Structure formats: C-alpha cells, structure tokens
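Next, two complexes with chain A in common: one pairs it with chain B, the other with chain C.
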Partner chain A sequence: MNYVALKMLFGDRPKYLMLLAGLTFSTMLIVQQGSIFWGLMTWSQSGITNVNAPVWVTDSNINQVEEIKPLADTTVNVVRSVSGVEWAVPLYKGVQRARLRDGNYEQIALVGIESSTLIGRPGKVLDGNIEELRSPDAVAIDQLGVERLGGPENIHLGTTFEINDHRVRVVAIVQTQKSFQNFPFVYTTYERALGVTPEERRKLSYVLASPVSGVSPEELARRIHEQTGLGAFTEDQFGWKTIRWILQNTGIGVNFGTTVLLGFIVGMAISGQTFYLFTVENLPQFGALKAIGASTGMLARMILLQSFTVGSIGYGVGVGLATLFGLTAAGGGRLPFKETWPLLVGVAVALLLICAVSSVISIRKLAKLEPAIVFRG
Partner chain B sequence: MSRNPPSTLNHETAHWLVQARGVVKSFGEGETRIPVLKGVDLHVGRGEVLLLVGPSGSGKTTLLSVIAGILESDEGEVRILGESILELSASEKTKFRLDHLGFIFQQYHLLPTLTAVENAAVPLLIRGVAKHDALAQAEKVLGSMGMGARLAALPTRLSGGEQQRVAIARALVSDPQLLLCDEPTANLDGETGHRIVQQLHDIGKQHDRGVIIVTHDTRIFEFGDRIVHMEDGRVDQIQEGQETPV
Partner chain C sequence: MVLRRLSFWIAVGGIILTIATLWGANKKVAPPPPMEAPPQNPYPVTVAAAGIIEAVNENVRIAPPVSGLVTKVYVTVADHVEQGDPLFQLDDRELRAQLQTRTDSLPSAAARIAEQEIRLRDVQDQLKRLQSVTDRRAVSEDDVKRKWHEAEGAKRALIRARADFHLAKTERDEVQAILNRLTVRAPRAATILQVNVRAGEYATVNAIEPLIILGDTETLQVRADIDEVNAPLMVPGSPAVAYLKGFTDKAIPLTFDRIEPYIVPKRSLSGDNRERVDTRVLQVIYRFERPSFPVYVGQQVDVYIERPVEPVSGQDHNRSENGTPPSNISRPLSETEETP
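The block that comes next holds the complex of A and B.
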C-alpha cells in the first residue's frame, strides 16, 4: 500500500504543496537562523581562534575574550615557571584607532605578538611576508581591514597609515576569522604594539602557553591556575566561556531561540493542520479502505509514510535553500553563517517530531474511524 | 411467497453464505437508546441476489454493516461462510472482509488520486500482492466489465456509471464470495443503474456468489431472487423474485 499512500500524497497537489511549503519554510528558517546564530558565536571566538594558542592565561575573573584585564609583564615569567610549560609568550590585544591617509579614522583590533617566535600570528597569509613584522613600523592587516581602510587599490603591501599617530607600514595581508565587533585585525609585534598604544601601567593582555609533550592543554591550564591563581583556559574552554557570557549578557540567544521556536511552531501548525485536513477530507476513502480490509495499522503506516516522505523532501529543500542563502547572501564572510552538522541533525530531529506529531493527530482520527460511515450515503 | 430459513444455524449448511438470526442492534444509551434492529433473521444462499428494501430508518444499512462485521450486534448470531463473524477479533474481522467480502458503496468511494485500474487493484494491494500483478489482475476485471479503454482515467474523468463499474471491479478483483452493495444505483440514471445491476446479477449467478443489495430503487426489483422488506428494524416481508436461487 506504500504505492497507494504516495499516490494519495502526491496526487492531492494543493495540499501536498502546502505541506511541503510549511515544512520547507520551517526547515529553512531554523537552519538559516541557527546557522547565523552559530556564525555569530564563531565570530565571537575569533579573538581566540585567530591566535591559535593551546592555553590562554589571564586574570582569573575574566568573562570573555574581548574583556581585557591587563596583567603585569612579569606574569609571562610566572607562567613559564609552572611545570609542564613548553613555552609562554605575551600577547597584546586592544581596540585602537587607525588614521587613514585621507584623514578618516577607523577602529581596529590591534594584536601584538611576540617578535622572536611570532606565536599568535594568523594561519593564512594572502600577500606579503609575515616574517617582515620584525622590520620597523611593520604591520599585517586582514582582508576586512583592506576593505575597511579603502580597498585593495588603497591598502596593499607598502601602504602606510597611522595608529594613534604612529606611522605603520603594511608588510602582509592575512586572512582571519571576522570578529563579533566586526573590527579589522591588525597584527604587529608585541613590543611595537606597546609602543603605539597609550601609556598604561599594565599592557599585557594575555599570556599564551603550550604544554610540553605528555601534558594535555587541560592539565596545563589546571596547573597554571592552581600554582599561580591566574585564570588559565584551553582554547575550547575560553571559547565556550565567551559564548556563555554572550548568551547570558545579551539578547542574542533569546532572539534567535525565539525565531527558531517560531519556525518550529509554524512548521508544526501548518503541517499538522494540513495533514489533518488531508486526512479528514479523505475520511470516506479511508473508511472504504477499512471496510474493504485495511487494518488501522496499515492506514497508520500509510500516514507515517506520507508524513515522513513530505518531511524528507521539505527537509532537503529547506536545507538547500538555507545553504543557498549562506552561499550567496552570506558568502565570503559578509554575514555570520555557519551551517554545522549538529545543527542539521537537530533540525532533522525537530522535523521528525513535527511529522510524528502531525501523523499521530491523523492516526488518532483514523483509529476512531468507523468504517460503517461508508454505508451512510 | 417466502422461503423458510433453517430452524438452527448450522456449519454444515454450506448452501447458505449468510445466516443471521435474532440480530438486535441499538445505538445510544439510556433514554437516548434507539433500537435499530429488533431481532432480524436473514439467510442468503450461493448464487442468490437478495434485495434489502424498506423505508429510511428501517435498519437495512445497519443490517448490512452487521453482516459485514463492521458493526457489532448487541444480540443474535451472524455466520458468513459458516464463520461466526461476531466471535472474530477486530483484526480477524478485517482479514475476513478482505478475504471473503466485496463492497460496493453508493458514493463509490474511489481514491481520487488513483486511476481506474489502480482503484480496482486496491484490495489486492492491501493483501500485499505485488503492484505489477495487482494491476494486471485489476486490468483483466475492468476489461471484462467493458472498461478496458478507461484504465488510466482518474475518477473525476469518469461518469457515474463508469465509477460504479470501477467500484464493482474493485469489489470483484479479489474474487470474494459475498458482495455487499449499498444503494449501488442511487446516483445513476435509470439506464445506467439497470445495466449496473444486470452486471451484479450476472456476477452473482455466474460465479455462485451471494449478492446483497440495499436499495430504494424499485426499478431494479426485477433482478432480485428474493426481496426482503424491512420495516422498523424487523423483516416485514420476504418476496420471491423472478428467478430462484441455485
């Protein structure tokens, strides 16, 4: 009877399309909003992921990566003294003003990395040589910086601009993950970063550390915290700490959660109601099938097949449309959009739930259906 | 005038396809309880075309539903092919209907998104017969009913008479021994209705099947071997038709 069930489904074109539209819309909305949400969360961790260090050491009361709590310069040596540390280097991180040659100002995220090792440098260099950061006035700028500071025709290798009235020169164009605040990243050496930023007693933002072979980053973070009282986190721990802070202190989680819930409810309402209508309008036919000899179990299987078939198609189309959105509207990192497999699995589970609930409503109706109705004219 | 039914229900009376005795059925409870069947006796033999007639509310359709095992009677006994239908479980009744009974409804109840041949094949598909074989069998039955040229038509493209012939093909495709027809001519013009009942009559005679037709249509009375008149939940009169059953 699978054949009959599918012909009943696809043959009733208006209801099929209505069901498909409801489930597709629901899937698309959840995937799109979920992907944007996760994209934003990814951006929020870019300050961590762009640096790529196993362990981050900072003030123990830190909440999230963008909240800088300056440390004393001696902290680097304190961390180096902890057993299990292979290396520990300083990192400067802060928002500064860049003045362009045309006189305009732009906020930038300045990152100062240790000059001898360049630990904390971005993973991908698009143009130039990152090693030249050691040369006088040298900075590396990311692709967003190129765009923000005037485009490739104005910002290229050799271009100069000012940070807090200090002249700097672009020696490399690098690729980074955009930040939550959407500031361009500008890299330079730690020492130069201290030189171009306003005077403060403490300027060390973080100490980056790595464990020796045989010690895990988690273990090293635990040792540093226990032995120094400093806050020490692995890359993952610090990332999640940042995400938790954002969820607790901004309305982002509630906003996206509401939209996702709305998508779920709309999908449930449209598909549930349409499927129920589909069943109710076919009650005499289902009654006839029951009278002829189809069991309630068989009719239930037919309903489930119809529901999950249209659900699968709706899921495929919805994910496809959301992905298309991600590739076009959000392509090239213009918008935060990160479609992950756990999200797709979660949406599939949500859709299964919608289909199951819609089916159960119809099956209950069919279970109570007396085939005798077919003899009532 | 009337044929006397046997005094007791008997498994060995193989001649009788349907043996119903003392069937009582009411709807509702307490003060709203409405007795619909008040002790009905009815027997249908092989090759017999029995017309069940009477005014609206006389209990014809309820009796048909009880015989089909779709409704449970409150009292009495119903045997179909010697099997006590009231003693079967719900799933056994469902299987029994599938294996032994054919249904023809006033409103046809064809699935609107299935073609004529697919509609006719439905009972076989319910049985789990492979689609290809079921469609081939349905095509054969429809062909024998003069519907060979309309196999791929959807019900909305068929006339009332054609739809009823598809419904008859659906009832016959699994070769049932008893056909239960509810007002099969109610929505048809006189000539088409006549032709449809002629086909039902021939089907009953040629294959030794029993045919019960609930009807108000006096124009088809000539096709009944017996005409059972019901009145107020009881068999009021049994009238012999033009032909006698085997």
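The block that comes next holds the complex of A and C.
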C-alpha cells in the first residue's frame, strides 16, 4: 500500500515538483530569516561573548551590554570582598575615534583589560603576540578593524594610529565576533584605556568576576547583588538581558517575526492547495482502492505518508539551501547568519504542522468519498 | 523514479550539510587562561583593598622656602642623607651682594665709634681743664656749662655710634640668616626617593610636584584603601596579605599597624597626575618585613584582609555570609556621591 502511495506521489511529476518547491522555499525562507535574526542577536552579544567572563558586575539598572554606566574604581575591591569570588578584574569598554596617518577616521569599540592577567582578551590571535599589550602604547586590533582601516597593507603589526590624539601601536591582530554596531574592537590594557580616553569622573565600565570552584556563576551573581547592591549577571543572563532590550526597543523582532510568519503561511497555502488538488485529481484511484476494500483509515495513512515524505524531502532541500546561502553569501561573518538547533527543530515542527493540516483537508475529502465514484467515469 | 532519487539525495545532502555546519560553528570556545594567575583571596571571607607601598612615617615632600632659581642640587636619587645635609641651593647672588654691603658697612661704623670716643675724650679733657681753673675772671661760668653740655652730647653720640654698629651687625646677621635659608637641608635622616628638580630650574612655592621626596626605605608599610561601603567590615588587627601587581604567585604577609581614623577622598592610583576624586576610602596601615624579592616605595599592591566568618556584633548587622539580604540594600555604589 505504501508503495502505491509513493508511486502515486512521484508519478505526478509537475504536482510533486510544485509541492516540493512550496515546502522547500517555505523552509528556506523561515530558516534563512530565523538564522539572520539569530545572527543579529549573536552580534548584539559580541560585547559579552568576546570577553568571555563568567560573571559581569555593573550598575543594577543596566539594560544591555553596550549601555555603559561607569562605576567607582574601588568597586573592584568591593566585589573581591564578596565571599565566593575567585578573582575580580576591571574592564573598560567604550566607543572612541581612531584616526589613521592618512587622515581616515573610524569609530572603534575600545576594550581595556586588566594588564597583568589580560583576562577578557580574545581567544584567537591571528598575528603577533597578545602578551605584548603590556608594552608601551600597544593595542590589539581585530580582523574587522584591519578591513575597515584600510586592509592588511595599511594595518599590520607595528602600524601606529591615533586614538583621541594618543599614539598607539598595533602589536597583535585578533579574531573577534562582530558587533551589532559593527565597530571594530581594539584591545588595550585597562590603565592605557583610562589614559587615552577623555577625562571623566568614573571610568570603570565593568567588573569581571569568577566564582571559586563549588559556587555556580548564578549563585555568585546572586551573592554579589545581595551584598553590594550592584547588578551582577552571568554571561547568559546578561546576553538574554541584551536580547530582550533589543527586541523591546527596536523593530528587529517584529520585522523578522513577520517574515517568518509569512513564510509559514505561504508555505502552508501553497502546499495545502497543491496537495488538495493532488488528492482531488487522484480521487478515482482512491475510489478504486476503497472499492477493493481499503478502509478510510488506510487511505488516511497513505495520504499522511505522501505528505510527510514530500515534507521531509522539502525540509532537507530547504535547510540545505539555507545553509548554502549562509556559507556563500554570509560566509566569513560578513552578514549576521547563525543557524541553531532550536531553529531547525522549530522549522521541522512547523513543516510537520503544514503537512498535517494539508493532509487533514485531503483526508476529509477522502472520508466522504464513495467507492462508486470509480464507475461514474 | 530519477526524480524521486534525485530529490531524496538532495534532501539528505542538505541535512548532512546543515548538521556538519552547525556542528562546527556552535562549539563554545573556552576563555583563554589568564596570562598570570589573578590575585586570589587566601581567606574564606575577606575585605579586599587597593594598597600602595610607602616608607614608614610617610614620605617627606620637600618644598622650597621661597620661590627662586635653583643653582645647585647636592643629592641624587637613592642617596642617603643625614639630618641637616644640604639638598639643593637656591639662587643667592642678590643676598650675597647685600651681605657684602652690610659687612662692608661695619668698619665704617666701627670707625665712627672710635671717632666719637676720641672726640669725647677731647671734650672731657677740655672740660676738666676749664673746671680746674679757679679764677672766675679767666673762665666764665657760661663757658664751663657749654663745655659740659658738649661733653654730654659727645657721650650720647658715642652711645649712638655703638648702637649703629650693633644695628649694622644685626642687619648683616639677618642677611646671613636669609641666605642660609636658601640652602634647603634634609629635615631628618632618610633616603632620597625622587628628585624632580635640576640646577637652572625655577622652583615655585606652590608647585604640585614636590621638588624632592625623601623617606626611610629600610622599613616599609602598605597603605590599604578600603571603600567606605566596606569600611564596617574591617576588624582592627586582622591579618592580611598583599600581592604585587602582575606578581601574584608570591604573597607578602602583612601585620596590622593602625587604622587611620579619618576617611579620606580616594586618590586615583591610575598614574595620571590629574588625580580624580571618585569615592571616599578608609585607610589601613600594615607593616611588613622586606620579602626576598624586591619591592619599591610607591608600588601598587592588591591587599586581602581576613574578616571573621561570623558577623561582628555591633558592626555588621546588615551583612551576613549566607546571603540574607541586608535591610538597606539597593544603594547602588554608583550613587554614593563624594564630597570633595
């Protein structure tokens, strides 16, 4: 019986292709839009993920990572005084202007990390030695900065440029996750960051802390908040806080949500309609099957098999196309594109739903079908 | 059936491609290990503080008594000086010229005394001669009286000449004293820590930077700044350790000396010469033995002070180790304004 069902499905080439195309593009649209959305969200958290610290301490009213509310210098020691803290180090973060020798200007995200431990430094160094950050005027610049400030001919190890009229020298080129604002990251030591930035009353942006073994980051964040009144978040909590802020304060969520919904509706409309037509056209065959004794349940199973088969194939092709898009158009981090397991599972569920709904329409038709239809011609 | 196979394999390929891509991309990278071990708290519960190493009895910041040109600096950095040793010399040419004038006026004043003495003797002789004449017709009463007055006048003139001489000497001594003041001397035995002045520079009285810093580098102490928020947690006499910046594997054990009773605005230790005031701190002084590795006056250290696990009665009502929320929580640190 299943063989017959599949034979019917693949036998009608134009309808099969039509069904497949509908499901494929629906899948591709949802996956691609969802991935771009998630890619954007990943970029929005790059300020957190690039630093890679377990617990972030800052003002308790902070909304998101790029919104900096500076703290007093002594906060580092206040955090160190909380029990359960293995270490706590200061971090400077802020947007500054860099000027090249040829007069070219670029906004950069300056990150100042504690000089002796270099906690918060990027994990991947493409060129040079990150330890040299401790030498005078040293900075590390990321691959985006190299690209923005004029490519590898202009920016390489030893190049000097200015940050707020202070001369700095590139000692390392690092790999970072791009940020939402798309500013290149420039790393230097905390002390030097204080030196090159304009005078302010407070400059400490964040305190990074790590729990001693046996204390979870969540527990430590809770303790720090309770004992000091400061806002303390684990990496994940801070990331989600940032995402929530972006969804509430920008149109990004609505925008992508609408597109995904449209993809879903269009996919459902096309496949539902095509599948219905397909069933109607094959009514005589189904009638014949019923006439030779197939029950409605068996026909329903056939319909479901057909629908899920084409659904699975459509899903595979769609997801593959979306991945190909990600690898080619958005390869190397040029565009925000990040597929995730939850998204893929969600799309699979959505597709199952589309197939199920389309099948139900057809099954209803079949249930009312009388075997006599075969003889009406 | 070609179509079926083709679409099936494309679908399988797509899924495999996606899974492969996802597998590679979603691995979370572990943070790179710290270059040096960050300073770690050796006690179960602690009060952390930023400290600076200084000479015992603090460092002496030498300033000039008057503004003036520096003509000679007698010391270099790391010299040991005894109390009263000269440190530097301010320009004294003008005063030396004055001194010369004053000194040279002395012989003249002395000569005036001699002159007056001779004159007095002369007048007294004459008076004596006149008085010895008994014949009233030869010498009139009037002549004798006039000579007597003349003698008295000469006596007074001599007194004045002596007073003038004394004054001239005092004036000379005054110039000498002011002159001596232009040589700045060490107020006590110490080591020269910093020399910020060179011959030929103009030293002003109100300069921000001291001309010379001296201190006793034999015994050192740590001045630990504790944020005022944490000040109640500090228990006098608690043991502590200090770590040099960037040298965290060796701890320097500290012994408690005293708590400065007055909370001061924190001076930023960022190294910027424009000191920023951002919060107030409690300063605690700890002494330490010189460790085997070199430490220097002015070096920054991270200080960890032990505090008892049980809340200290009368001081520590609001805080507890088990995280029961303090009653007056949610005073974000960034809102504690300082009064400069």
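Following the convention adopted for this analysis, the second predicted complex is superposed on the first by the 376 of 377 C-alpha atoms of A that agree within 3 Å, B and C clash if a C-alpha of one lies under 4 Å from a C-alpha of the other, contacts with A are read in each partner's own complex, and residues count from 1 in each chain.
Quick note on the criterion: a contact is a pair of C-beta atoms (placed from the backbone, for glycine too) under 8 Å apart; a residue touches a chain by one contact, two chains touch by 3 or more.
Please read these numbers as outputs of a predicted model, since none were measured by experiment.
Visitor: Answer with clash or fit: chain B and chain C placed together on chain A by superposition.
Guide: fit
Visitor: On the A-aligned overlay, A:G158 touches which partner chain: chain B = first, chain C = second, or both, or neither?
Guide: neither
Visitor: Regarding the shared-chain residue A:P136, is it in contact with chain B (first), chain C (second), both, or neither?
Guide: Neither partner.
Visitor: Just checking: does A:E339 make contact with chain B only, chain C only, both, or neither of them? Give me first, second, both or neither.
Guide: second
Visitor: Quick check on the superposed pair: does A:G214 touch chain B, chain C, both, or neither? Answer first, second, both or neither.
Guide: A:G214: touches no partner chain.
Visitor: Could you figure out whether chain B or chain C reaches more residues of chain A?
Guide: Higher number of touched chain A residues: C.
Visitor: Which partner chains sit in contact with A:V319 here, chain B, chain C, both or neither? Use first/second/both/neither.
Guide: The second partner, chain C, only.
Visitor: Mind working out whether A:Q227 is in touch with chain B, chain C, both or neither, as first, second, both or neither?
Guide: second
Visitor: May I ask for the angle at the C-alpha centre of chain A between those of chain B and chain C, rounded to a multiple of 10 degrees?
Guide: 170
Visitor: Touch test for A:A294: chain B only (first), chain C only (second), both, or neither?
Guide: first
Visitor: Counting only touches as set out at the top, which of chain B and chain C does A:G103 meet: first, second, both, neither?
Guide: It touches nothing on chain B or chain C.
Visitor: Applying the document's definition of touch, where does A:F10 land relative to chain B and chain C: first, second, both, or neither?
Guide: Both partners.
Visitor: If you've got the overlay open, could you tell me the nearest Cα approach between chain B and chain C in whole angstrom?
Guide: Minimum C-alpha separation, chain B to chain C, in the superposed model is 11 Å.
Visitor: If you lay the two complexes on top of each other, which residues of chain A touch chain B in one and chain C in the other?
Guide: The overlap between the chain B and chain C interfaces on chain A comprises residues 10.
Visitor: Tell me, which parts of chain C touch chain A in their complex?
Guide: Within the complex, chain C contacts chain A at residues 1, 3-4, 7-8, 10-15, 17-18, 21-22, 25-26, 29-32, 34-41, 44-50, 225-227, 229-230, 233, 245-248, 266, 268-272, 274, 276, 278-279, 281, 302, 304, 319, 321, 323-326, 329-334, 336.
Visitor: Write out the stretch or stretches of chain A touching chain B in their complex.
Guide: Interface residues on the chain A side: 1, 3-4, 7-8, 10-12, 282, 284-285, 287-295, 298, 370-372, 374-377.
Visitor: Name, in rising order, each residue of chain B that touches chain A in their complex.
Guide: 61, 64-65, 68, 70-71, 91, 94-95, 97-99, 101, 103, 105-107, 109-114, 118, 122-123, 125-127, 131, 170, 182-183, 186, 214
Visitor: Which positions of chain A touch chain C when the two form their complex?
Guide: Touch list, chain A to chain C: 6, 10, 13, 16-17, 20, 52-53, 59-61, 69-81, 83, 85-89, 114-119, 121-124, 131, 191, 194-195, 199, 201-202, 222-223, 226-231, 312-324, 326-327, 338-341, 344.
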